[in-house]
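Below you will find the structure I want to go over with you.
Letters A, B, C, D and E mark the chains as written, and numbering starts fresh at 1 in each.
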Amino acid sequence: MRRVFLPLLGVALTIAGWWLAVIVLEIEDYLVPTPPQVLNTLAERWAVLLEHTWTTAWETIRGFALAIVLGVPFAVLLAGSRIFEQMVYPLLITVNSLPKVAIAPILVVWMGFGAGPKIVMVLLLCFFPIVLATTAGLKSTPAEIVELARSLDAGRLKTFWAFRLPQALPQVFVGLKTAISLAVIGAVIAEFVGADAGLGFIIVQSGASSDTALAFAAMVLLSLLSIVLFYAVQLAERLLVPWASEH
Amino acid sequence: MRRVFLPLLGVALTIAGWWLAVIVLEIEDYLVPTPPQVLNTLAERWAVLLEHTWTTAWETIRGFALAIVLGVPFAVLLAGSRIFEQMVYPLLITVNSLPKVAIAPILVVWMGFGAGPKIVMVLLLCFFPIVLATTAGLKSTPAEIVELARSLDAGRLKTFWAFRLPQALPQVFVGLKTAISLAVIGAVIAEFVGADAGLGFIIVQSGASSDTALAFAAMVLLSLLSIVLFYAVQLAERLLVPWASEH
Amino acid sequence: ESSPDLAKVTYLTSFNTFGRDAYAYVAAEKGFFEEAGFDVEIKPGTGSGDVMKLIAGGQADYGVADFSAVAVALANQDLPLTSVGMIHQQSLAALVTLEGTGISEPADLAGKTIADQAGSTVTVLFPAYAKAAGFDGSGVKFVPSAPPSLPQLLASGKVDAVGQFVVGKGLIEAAAKDREAVFLPYSDVLPDLYGNTLLTTTETAESNPEQVQKFSAALLKGLQYSIENPDETGEILAAAQPTQDAAVAAGEVKLMAPYVTGEDGAAIGAIDEARVQGVIDELTKGGAITKDVTPADLVSFDLTPPAEP
Amino acid sequence: MISIESVDHRFRGRAGEVQALAGIDLTVETGEFLTLVGRSGCGKSTLLRIVAGLLTPTSGRVVIDGEPVRRPRRDVSFMFQKSALLPWRSVLANVLLPAETLRLDQAAARRRAGELLELTGLTGFQKALPKELSGGMQQRVALCRALLSEPRVLLMDEPFSALDALTREELSIELQRIRQEQDTTFVFVTHSIEEAVLLADRVVVMRARPGGIRRIVEVDVPRPRSLGHHAHAGRVTELSAELHELLLPNEAA
Amino acid sequence: MISIESVDHRFRGRAGEVQALAGIDLTVETGEFLTLVGRSGCGKSTLLRIVAGLLTPTSGRVVIDGEPVRRPRRDVSFMFQKSALLPWRSVLANVLLPAETLRLDQAAARRRAGELLELTGLTGFQKALPKELSGGMQQRVALCRALLSEPRVLLMDEPFSALDALTREELSIELQRIRQEQDTTFVFVTHSIEEAVLLADRVVVMRARPGGIRRIVEVDVPRPRSLGHHAHAGRVTELSAELHELLLPNEAA
């Protein structure tokens, strides 16, 4: 009960805080609309907006899954070889530090207007946090567990699956949660360039027509999407790491 | 020696890879320039570029520092109270999931054209990874250390400083490293929107004059800045967490 | 639904799917493209720079971009692009301020602060504009800002004026609430400045000139129809793009109409070599163009519609 | 005085519910040295943690010096079964930890830490990190830490389990000295009957599942005591045999 | 046969360099039960880890069955001083771990795991997580794990330190049975002289700093042996006294 109720209360408080801010700070509604204006827009256009939300969600999910599939093995390589790590880190940081808005057009020129560039952008944003956290998690295996694995003559693969990964899972999930919260942004940024669907497209459209209520409606959906995805990851964590109780 | 040499080799390989990609994939230079073109630009305009790099760096550093100063205590509150955590998380995710490019203009309208919006933007990007990792770190204190702290009648503050934080530091640093790699992007995105200095400004400007070599020169400096800041954080980690050897 | 003998082409709007770009949807809806033998996929563009890259990179066959931006890009870089038809005979670029700020004519701008997209036509050609308008532009401070924030910066009083297209009147007034927007179009003092132009690759222009001309003619027919029927245009756009408002779009089209035809009554789409040279000269003076370019480097004059109607 | 009043404790775990303690009633006099013996898993650690205020019993309560225990007390020191050293602190810093949390006089604490490290044979390892120590050395560091604050009550959970006979004996003597000088109350868990008899005024023998008190054996051997041959060797052997008997599984008692 | 050939080991730590082992020469026959005793910190665990192939000695080498040890061998099982259980695995899954890594027959391994858990009194805790067990129960789980694969060589580092006397005795008998049936070679570290004498063919007494062998004592008491009173009690007492003597700090021997 509380697990569902408190987050909902949190959402309610967020909305209340926003409304209060709009009133108290006398923010003009061309800058930040009031919740009723946004709710109105949501109510009026929900069918269209939901469709665009789904477009963004599906891009996000695919990119995120790809980031896990590529990032975790990459982290295993990094954790396994100090030389590889030291050589590859600068490249990783470079890729991560490029402003994604600036490289989005390049991706579209390469890959076209389809879901490709969006998925790649989500991947680009999610990869680093996943790799960083997973590497750190894999490396933090306690000495006695490493020795145990060695003494049991566990091969590389077995050591990874049976000893290092389960131990690293709590940290891997920190990376996944950081990543999923960025993932949606990745899709949206890619949609800013070369898209005719998705919440990012809606935001650009509304931005250029000063329809702040529409822009905020899209951002509300974006946030909800992020929250849902975040809690989905958290649920996966609860199921996969039940032994790591918190203190 | 190796600690410096291998990352440099990594940088060299990155550049070589880029060059190769430009040649093999027959990428046109209006899209991606070749390394010599970029080096040329760097050589010709290094004085100006360095000044802009410094602008971005200083914004980044202040925003990152602010994110630590605000994020760590916030994480302490989150780790300490389950109710607070469950209520506040949706808000955090919301803030984190907003595409920063979309809210940058609002910040500029509020705070003007100075360093303010840039610092806030860096803060916005850095806050979540720091909070997430720190919270996870603080919560992963082993049961026996929690009991030890309790049995020694350590107060809340002492428990934090002497027991939980040192134990969480390796994980905190994962958050800091994720954050610092995003920090520079924050500054750059804010500069896209309303600035007359900084690497973000250079990128926008070069875009308008179709000077891709200049844009890439700025991105090279951006990457170097990110790499330097990343390794600075890593150095801090080495100094502060020497006891956590890696396995 | 699409007939197999139609040529499939991709077309990019200049920026998103507003009234100012609605004519492409009109050409599609009214069947002009199909009549000309095309099955056109219309994609929203994201500004001149991206449109040029996407066409050059082969992701789109045709697209629309600001002619000044095209001139700068083609002069400074090796972009395999060419103009094959002019959408706006006069540039839509303008400076906008609000009533009550004490600016009603160009000279009032002296010493003021203006926000504009970095490197946009408004910024680049401001010295030429000031000179032509006869005031001292050297004291004006330009603050580079993101396009979406421009109306808000103006409304909040952070700046005295912003760069904007003349069709953005509704946009500005939506932000400024009851205050009226005062537009100072560049075309008032720089009538030779072109607005958006239709682009394709030099390769397409050389290898398939008939196709280019057919496409251009179909698109321009849509343009013509749209300025003649702005309200219907708004509805066509809203039908194709549910997030657009028909009335707002119609308003934009009405504002844009005089810029499409131009003052001298040139045919829709026509490009004049002398005027192009004039644009190049101004951009060179302003420092935006640093290399030698000729009008022929920018425009395929043999493919453009004839100047006289 | 510590009085344990009808304490029950149940754990709910993966393997179902475990009744760890049932109906424990016990009084420990001030200055008494009480040892707890019993088979592995019979609830000794659980009982000690309840006395320490680290665990709230399912029912019943513990009263120390007239005050019901709700949370750890400053005058009670607990030595855990696992050393629980802070891996980022040097040996010395680990030992000095209570000086920080309990705000002891720093200079005096440092002096005492030096003495304790000397006593436990750890001089020269002050700067070492816990992971650089052998198992027994880690246990000795934990012992030093528990002794630093000169507490009124010392709860020790198998403090000598990783130590050799000689070290055990030396440290046993030290514990007896501390008790004599400071009138400290000891509750001491051990698996060594020898140790129990050597140190205790009374030995509490526990039974398992559910954990309960089987018998309390008074050790009526005069002090100072030491291992090996002495005047009361006969009585010691007798007591040891009795305790051995009591620890047998079937309910012989 | 295990032969340890002039093994030296130095650790470089925060507190400077520690010479943990110096010039160790020792041969353990196949099927022999060797116990290692020595004061805490004298290098017992270090020696065991070198034999296990977990640590490469600074100089010297270990040869098992004619093959120099470079990394852990599949036929050698190591039981750590700290239990080293995987916290995310149930008791049963922890015990079955070697079956996975060494690819033992699954059905047979499950049967054996059930027997071992029964033997160590852990039936009913198969599904429990390690943190839900008492210290001694955890140690028993680690013991079951070490025994699962029926190794040729068993290296055990204080395997009974957290167990009560009775459980120790029961498990000692089991170890002796295993040795008899499978001709397993044991190297067994303990702090209990009683245990050393009860189990060993030979007891190696180590000296500390640097760790070395002080004396090797042959236990010439016929098997089966058990604690308490029996025919050879006199010899056992004698040997125990000798070992006590040898463990004294000053170089008496």
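The rule is simple: contacts are C-beta pairs under 8 Å (C-beta built on N, C-alpha and C of every residue); 3 or more make two chains touch, one makes a residue touch a chain.
By chain, with names taken from UniProt: A, B = ABC transporter permease; D, E = ABC transporter ATP-binding protein.
Keep in mind it's a predicted model, so treat the numbers as computed, not measured.
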Checklist line | Labels of chains that are neighbours to chain B and to chain D | finding: none
Check: Using each chain's Cα centroid, which is most distant from the centroid of chain D?
Finding: C
Margin query: Report the inter-centroid distance (CA atoms only) between chain A and chain B in whole Å.
Written below: 16
Next item on the list: Measure off the straight-line distance from the CA centroid of chain A to the CA centroid of chain D, and report it in whole Å.
Entry: 50
Item checked: Distance between the centres, which are taken as Cα means, of chain D and chain C, whole angstrom -> 85
Item checked: Per-residue overlap in chain B, given as positions that touch at least 2 other chains -> 31, 101-102, 105-106, 109, 143, 192, 207, 244
Checklist line | Touching two or more other chains - residue numbers and ranges from chain C | finding: 49, 53, 56-57, 148, 152, 156
Check: Residues of chain E touching 2+ other chains?
Finding: 82, 129
Check: Between which chains does touch occur?
Finding: A-B, A-C, A-E, B-C, B-D, D-E
Next item on the list: Mind listing the chain A positions that touch chain C in their complex?
Entry: 28, 30-31, 45, 48, 105-106, 108-110, 112-113, 192-196, 201-202, 204-211, 214
Next item on the list: Please name which positions on chain E make contact with chain A in the complex.
Entry: 49, 52, 54, 71-74, 77-78, 80, 82, 84, 86-89, 97-98, 100-102, 129
Note to self: Could you list, by residue number, the parts of chain A that touch chain E in their complex?
What the structure shows: 144-145, 147-155, 158, 162-163, 166-167, 169, 241, 243-244
Note to self: Under the stated contact criterion, what part of chain C meets chain A in this complex?
What the structure shows: 10, 15-18, 43-44, 46, 49-50, 53-54, 56-57, 59, 147-148, 151-152, 155-156, 170-172, 174-177, 241-245, 248
Margin query: Under the definition above, what is the set of chain D residues touching chain E in their complex?
Written below: 11, 13-15, 18, 37-41, 44-46, 81-82, 90-91, 121, 124-129, 132-137, 139-140, 157-158, 161-168, 191-193, 244, 247-249
